[in-house]
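Below, chain A partners chain B and then partners chain C, in two separate complexes.
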Partner chain A sequence: MKKSKKPASFNWTPYWLILPTLLYLAFFFAWPMFQALKLAIWEDNALLRLKDSVNSSRFTVSLAQGTLVDIIKDETVALSPEELAGAQAGIERWYLLEFTGDSGPLQAWAPESRIRLPENTEAIGALAPVLATVRSKIGSSDPLTSVYVSPDDNSEVISKLAARTEVRVVEGVGLEHWYLIHPKNTPNKQGWASANMLQIYNDQSARIDRGNQGQFTLKFIQKMFNDRFFRPALLTTLLLTLLIIPVQFVLAIIMALIIQSRIKGSGLFLYIFAIPLGVSELAVGILFFAIFTQNGLLNSSLESLGLIAKPITFLSADNKTGIIIAIWLAEIWRATSLVMVIVVSGLQAISDEILEAAEIFGAGLWQRVRFVILPLLKPSLQVALILRTILALQVFAVVVALSGGDVVSVLANESFRQYSDLRNYNVAAAYAGLILLISMVSAVIYLRTLRAHEEAGL
Partner chain B sequence: MTLDPESQQLQRRMKRRRALSRGLIYFIAIFISLWILVPLYFLGSMAFTDQASVRAYPKQVLPLIPFSLDTMSFFLKSHGILKGLLNSIIVAIITLVLSTLIAAPAGYAVSRYFFKGRDVFRLSILAVRAFPIVILAIPLAVVFISLGIFDSVYSLALMHTALTLPTTVLILSSVFASIPYELEEAAMVFGCTPVQAFRKVVFPLVLPGIAASAIFTFVMSWNEVFAASVLSLQNRTLPAQVFFALSQSSEAYQFAGGFFMMIPSLIFIFIIRNYLFNMWGQVSK
Partner chain C sequence: MIDVVDDLSQSRDIAPAFLATGLLGSEDFLYYVPWMQATYIMAANKAALAYLPEGVDLNALSWQELADWCEVMLERTDSPKCGLPHGGLFHRFLEGYLFPSFTGGMVSEFKSESAADMFAWVKSELWPSIHPQSISYEFMQEPLLAGEVWVAFDHTARLLNAFNAEPDNFIAFPAPAGPAGRGFMPVIVGLGIPSTAADPQAAKSLIDYLTQPETQGKVLNALGFFPVVGGVDTSDLPVGIAIEAGAVNAQANAADAIPSLLPVGLGSRGGEINQIFRNAFDRIVLEDQDIRMVLDEEGANLQTLLNETGAPCWAPDSASQGPCQVN
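Let's look at the complex of A and B:
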C-alpha cells in the first residue's frame, strides 16, 4: 500500500519524517562507530610537534614519544592567565615581593618555592597585596633567600632575605620553559618544545615524554593479537557460531511448520515458542547455570531417577567441552525463537495454493519442505541467517554466567574485559572492530553464496 | 455414497496417515514446549521457595517443596537491587518514549511514500539493526566520560534508544503498512486534512500496534546488559547489578534474580504475541 501522495511535484514530507531517525542515528550510532574504529587504529598524542619558535604557531617537525633529544638552548616565557588555566605540569610561578630593605622599600622577584603564601592564592597578574613569609632553607649552605630583579634566577640578585621575613606579594607570573631540541645525531630536525612535554635529564639531553598529535598505529591491534586470551576467544566464538546456527535453523523451521500446520492449540504453542524472544541473555545464562551446575537440575533429576550415583561436574575449569555444550544449548534455547518468527512471517507469504498443488501432485511432507517451502523461504532465511550470525558473534552474558568469563571466553567478553578490568579502551575497540569485521565478512559471504545458488538454479 | 472397497481402503489409509502425522506434530510440539518450559519451571520453583530448598540436593520443584517468598524477597532486599530496578524502569521508559516518538514518523514515511533513497534508508536501518552493540558501547562510554554524562540513567537511555531505534522503525513501518492507505484517502475525500486523516483514522487503528512495538522496545531495554554494564558504575540497571554481583552471590540470589528478570518478558510476550509476526514480517521482505 505504498503510494505517493503528490506524484507531480517533489515531495519533501517523507524526508522530514525520516530526519529525526537519521539525525539520531548519525549522532548516537555513526559517530561513535567512527570513534570506535579510530580508537583501535589511532594513537592519541603519539607525536610531539615542534614549533619553529616559542611564540610562533608554525611547526617544524614531529617527533615520536620516547625519542631522545639534545637540548640546544632554552627560553622562558610568561603565560597569560588563560594559558595558565589550560596548562598542566612544568609551570613555574614567580611572585613580585615588596619588602623593607636596608635603604627603604624594595621590590624583587622570588620563585614560588621560596615563598609561603596563604592558602588558595593561585592568582597571576597584579594582585591586591597579600601577606606572605619567606620559607626557611633546609640543608643549604646559604640560609638566605635570593630575590631577583626579574623572574629569572639568572638575573641580578637585588637582595637576600632571611627566613620568615614578612613580605607583601603584589604580582604573580606563570613561566614556562621552552627548549630548542633535536633528536640525537640529527641536528637538522630541530624545533621548540615546552618543558612539560619533556623529561629533562640534564642541560644537554632530554626524552620526549608526551605528545600533542595523533598518529595511525597498528600497536593496539598487535596487542590484541598477542593477548593470551585472543586465540581461544576467537576460536570459541567461531566454533559456537558454527555449532549454534545449523541446529537453530532446523529447529526454527520445525517450530514454524508446527505453528503453520494450524493444529488445535497452535496459539498456545506460538506463545510458548516465543517466550525466549523476550528473555534476557543474562537470565538465560543463569537459567542454564541452574541446570548444569553441580547440584543443579540435571544432576538432581539424574540422581533422583537413579541414573547416576554422585553428581557430575559439568561446569568446571577442566571441562571446557561441558561449558561449551552448556553455552550451545543456552543459545539454542534463547535465540531460536527469533529465527522462528522470521521463518513464520516468510511462510505466511507463501500462498496455500502452491502447497496444495504440491500435495495434490503427491509430494510428501519432506518433499514439500525440500522443494517448495525452503526455496520460497530463501529471502527470509537469508535475513535470519545474517541476523543470527551477527548476534551469535556477540554472545556475552551467557558465556560469563556459565564460565565466569575466564575458562571459556569469547570476543565480546574479551572486549569487555579490556574495557572494564584492564582499562585498555584502544584494545577493547580493536576487539569490537574485529567483531564488526567478521560480521560484515559473513554477511557478504551469505549474500554472495545465496545469490550464486539462485543464479545457478535459473 | 458407495465406494468400491479399494478406494474405501485408500481413504481409510489416508485418514490414518493424517491422524498419524497429526499425532507426530503434537508429539514434536509438546517436546519442544517442554524443552522451553521445564527449565523455566525449575527456575521459577527455585525463586519461589525457601532458601533451604534452594541449597538442598537433589533439588526438587514445586509443589514438592514449600512455596515461599523467602528467596525472592532475599534477592529484592539485596544491595542495589531496588535501586537497579528503579533505574531499569526509568531507562526503559525513556527509551520507549524516545524510540517511539523518533521512529513513528520514519516508519510512516517508509510505509506510505515512495521516495528517492527509501530502499537505501531501509537497508541502512537493517544494517544498523545488525551491528554489534559491543562496538557502540565502548566508544560511547569514552565520549560520555568526556562529556561528563557517564554513569547516568539518561545517557544509558540515549544509548538504548540508538540500539532499539532501527527495530522500532521496522516494526512501526509494518504496523502502518497493515492499515490500507485507502482509509486515509477516503477520510481526505470527506474533507479531512492529511493531519486530521492521520489523527482520526489511522492513529486509532495503529494504536495497538504502536503499543505492541513500545512493549517490545521496553523489553529490549530491560534485557540489555552489555551497554548497561559498560556505561554505568553507581547507577546500575538491574541486569548490570546482577551481572556484577554474579560471581560473589549465592545460588538463591542468582536463581531469584534470573527469574525476576524474566517476569516482564513472560507477561509482555503474552500480551503482544499476536503482533509478533506483524512486527517481524517486514524485516524479511
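Let's look at the complex of A and C:
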C-alpha cells in the first residue's frame, strides 16, 4: 500500500532546507556584495535627462553632470498648494505682504528668504493671514529689503522695508523655475531642466550640477590605477604575502609535528602556540610597535645588555625595510597558529598504521615527513594556503599601527584611506574589488596546481 | 540661521566679518553661525633667537630669512632645528601659506611658473634644514617641548601646550612672507542646523549656549580656539594663549597679509584637494620627481576635482563664473 503511493508524492523536504540557504545567500551575501561592487563601476546621478517641455513626461537628451550649457529661455511655473506640500528643494516661495507705507496701507511681494514667519507656521502656499517680520540682512551694503509689485525680483520695486518691520502675510505662492538649455556649441541637443538641477551663472549660462540617472563608468577604476599610492600598495601587499606565507608554513608544520610527537607534555604546546589566535590584529600591531619604537622594549633591552650605545631607529620614514620587517615579524607571530591548527587537524587524520608501516620499512623522520606526511597533508595545506593568502591580502591593522599607513601602505589601507580620509566611496569599492579579485585568482590557482600534482602523484 | 542670529544678536555681539563668511557668497542665506576661530602661526624656542641672522625682524620675517635661519642653526648646532607637521595639518601649510606667499593664489596658480620656482626653492633651500622626523610630526608642541626642534609651524591649538607649559621659553610670531605677500589661513568653525533636524529648537539652544561669552571664554581656555563674540573675559587666560594672541593679531593685521580660505564648495570631497597638494609636495621634494611633470599631473587632477564639484574660486583666487580654473 505505502510503496505504491510513494512515487506519486514529491519529496519536498530537501528543497525546504535549501530555501533558507538560498535566502541567506541572496540577502546577506550576494545583495550587499553586489551593491558594494556596483559602487566601483556605477556612477549615480551621472546624467540629467532633459524634458521636451516643462509639463511633458517625454525626455529629449541626457547630458552629463558638469556640462556647461547655454540658457535659451526660462519659464516660471506656479505650483498648486498640493504640489507645494510634496515639493522638495529648489522651490522659490514668495509672500504677498500688507504693510503701512508712507501714504497709507500697501501690498507687495517679497521672497521667502526675506520674511520671518512666526514659528510653527506651515510655510506653504495657501496660508491664513499671519503677522510676520522682515528679516535683517547680514554683510550686505543695503540693509533694506526690497518688495516687489509681483513675485519676481526683476519686477518693479514698490518699497524698501527696514529690518524687523511688522508686516501681514496675506498670500503665498511657490514657483518653480525651468530652463531650456543646450550644451555650449551644440544647439541641437536641447531640452528643459528645473532650476534645482542647475548651477546658474549670470551670463545666460549654467552648469549641470547634478543628474537624475546613473551610468556605467570605468573612471573610478582608472582613478585607482592613477592613484599615487596604488603601485606601492599593490607591490607591498604582494611582497608581504610572498614573505609571510612560506615562513608560516614551515613554522606551522614544525609546530604541528611537535604537538603530534607524543612526547610527554607536547599537548601543552598546542595551548601555548594558540595564544596569538586570541589577540586582535590591531593589538598585535600596537604590541610590535611598542617593541620596535625608539625607546621600545627591543632598544631598551639591547641597551641594558650593553650591546648598543644609543637607541636604533627601526621604524622611521626613510627606513621602509625596517617597517616591512616589523610587519613581517608581527604577522608571523600573529597568524602562524591559524595554519598550525589546520595542519594539526590534518595530521590527526593520518592513520597510525601508515606511519608505522613507513617506520617498519626503515624510513627515517625526514623521509617520513617528506614522502608520507606531506603528501597526505596536501588537502589541509591547500585549505590553509587559500585562507592564509586571503588573510595576507587583507592585512591592514598591523600595517597602520607600525607605519601610520603613509610610509608603507597596503591595498586594504588604500581602500580605507579612500573611504575615510578622501570620502571617495567609489574608489574605495574599486580597491575592495581588486582585493577580492586577487584573492579569487590565487584561490583558483592553488586549487588547480595542487590538484594536478595530486593526480600526477597517484 | 538668520533668525537664530537675529535672536542671538539681542544678547551678544557676533563679529560681523565672521558672520558674513557664513553666507558662503550667497545674498541672504546664512549657512552657519560662527562659533570659534583659529589660525596657524610660528613658534620658536628662545634658544633659537641667538642664531637669528642680524637685522631680521621676527614679525616681518620672509621665507628666505626663515630658511637662512634654519640653515645657520643646522650648521652651528649640528642638528636640524626647524620642524613642520608633515604628519599633521601640512596641507594647510601648502594651501594657505606657501602657495599664497609665493604665487598670490592657491588653486589658480597651482602649476604656474612661480609655483615651480617655489617648489624648487623649498627643495633646495628650506627642506634640507628641516628636521627629518617632520615626516611623522602631527602636533608640533611635542617636539618643541622635547627640544627636538626649536622653530615650528602649526595650528594654534597644536602649539598651545608648549606655550602653556613653558611660557618663558617659547615665543610666537607670524608666518613668513614670500614674493607675493604673507599668506595665512584664518579658520572659522561654524554651527549649522540641518533642515531635516529632528529638534531644531534644541539645536538653537545649544548654539545659544556655545556662543555665550562665558562659554567662548572656556573654549579659548581649554582649546586655544579664539572667540567670535565680543565681551569675552580675558583677564584669567592661560599664559600660552596671550602669547599666541599677539602673533595671531600681528599676522592678520600685517600690511602684506593674504588671507586664504579653507577650500570651499567641494562638498564631501574636501579631503581630495588636500591629498593633491600633499602629493605635489611629496613627489617633488621627498621623491625627487620632475617639478613640471608633477605640477602638470596633479594640476590636471585638481582641475578634474573642481570640474566635477563645480566649485568656484575662493580667496585668495579671484572669484570665478563656473568651476575654478587652474591656469
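As a convention for this text, the second predicted complex is superposed on the first by the 339 of 458 C-alpha atoms of A that agree within 3 Å, B and C clash if a C-alpha of one lies under 4 Å from a C-alpha of the other, contacts with A are read in each partner's own complex, and residues count from 1 in each chain.
Criterion: contacts are C-beta pairs under 8 Å (C-beta built on N, C-alpha and C of every residue); 3 or more make two chains touch, one makes a residue touch a chain.
Computed from a predicted model, the values in this text were never measured in an experiment.
In the superposition on chain A, A:Gln260 contacts neither chain B nor chain C.
Of the two partner chains, both chain B and chain C are touched by A:Gly404. Contacts of A:Asn196 after superposition: neither chain B nor chain C is touched.
Of the two partner chains placed around the shared chain by superposition, chain C is the only one that A:Gly66 touches, whereas chain B remains out of contact. When the shared chain is aligned, no partner comes close enough to touch A:Ser159: not chain B, not chain C. In the superposed model, A:Arg135 makes contact with chain C only, not with chain B. In the superposition on chain A, A:Gln215 makes contact with neither chain B nor chain C. Among chain B and chain C, the chain that touches a larger number of residues in chain A is B. After overlaying the two complexes on the shared chain, residue contacts for A:Glu281 are found with chain B alone; chain C is out of touch. Contacts of A:Pro14 after superposition on the shared chain: chain B is touched, whereas chain C is not.
Once the two complexes are overlaid on chain A, the chain A residues touched by chain B in the first and by chain C in the second are 404. By the touch rule above, chain A contacts chain C in their complex via residues 65-66, 68, 113-114, 116, 135-140, 199, 201-203, 205, 207, 209, 226, 228, 316-318, 404, 406-407, 421-424.
Those residues of chain B that touch chain A in the shared complex are 21-22, 25-26, 28-29, 32-33, 35-37, 39-40, 42-43, 46, 57-60, 101-103, 105-106, 108-115, 118, 121, 125-126, 128-136, 138-143, 158-159, 161-162, 165-166, 169, 177, 179-182, 194, 216, 219, 222-226, 229-230, 239, 242-243, 246-247, 251, 254-255, 257-259, 261-262, 264-266, 268-270, 273, 276-277, 280-281, 283-285. Across the complex, chain A is touched by residues 2-3, 5-6, 16, 19-20, 22-23, 27-30, 87, 132-133, 135-136, 268-272, 275, 279, 282-283, 301, 307-308, 310, 321-323 of chain C.
Looking at the complex, you find that chain A touches chain B at residues 1-5, 11, 13-18, 20-22, 24-25, 28-29, 32-33, 35-36, 39, 251, 254-255, 258, 261, 263, 267, 269-283, 285-291, 293, 295-297, 299-301, 303-304, 311, 333, 341-342, 344-346, 348-349, 365, 379-380, 383-384, 386-387, 390-391, 393-394, 396-397, 400-401, 404, 412, 415-416, 419-420, 425, 428-429, 431-433, 435-436, 439, 443.
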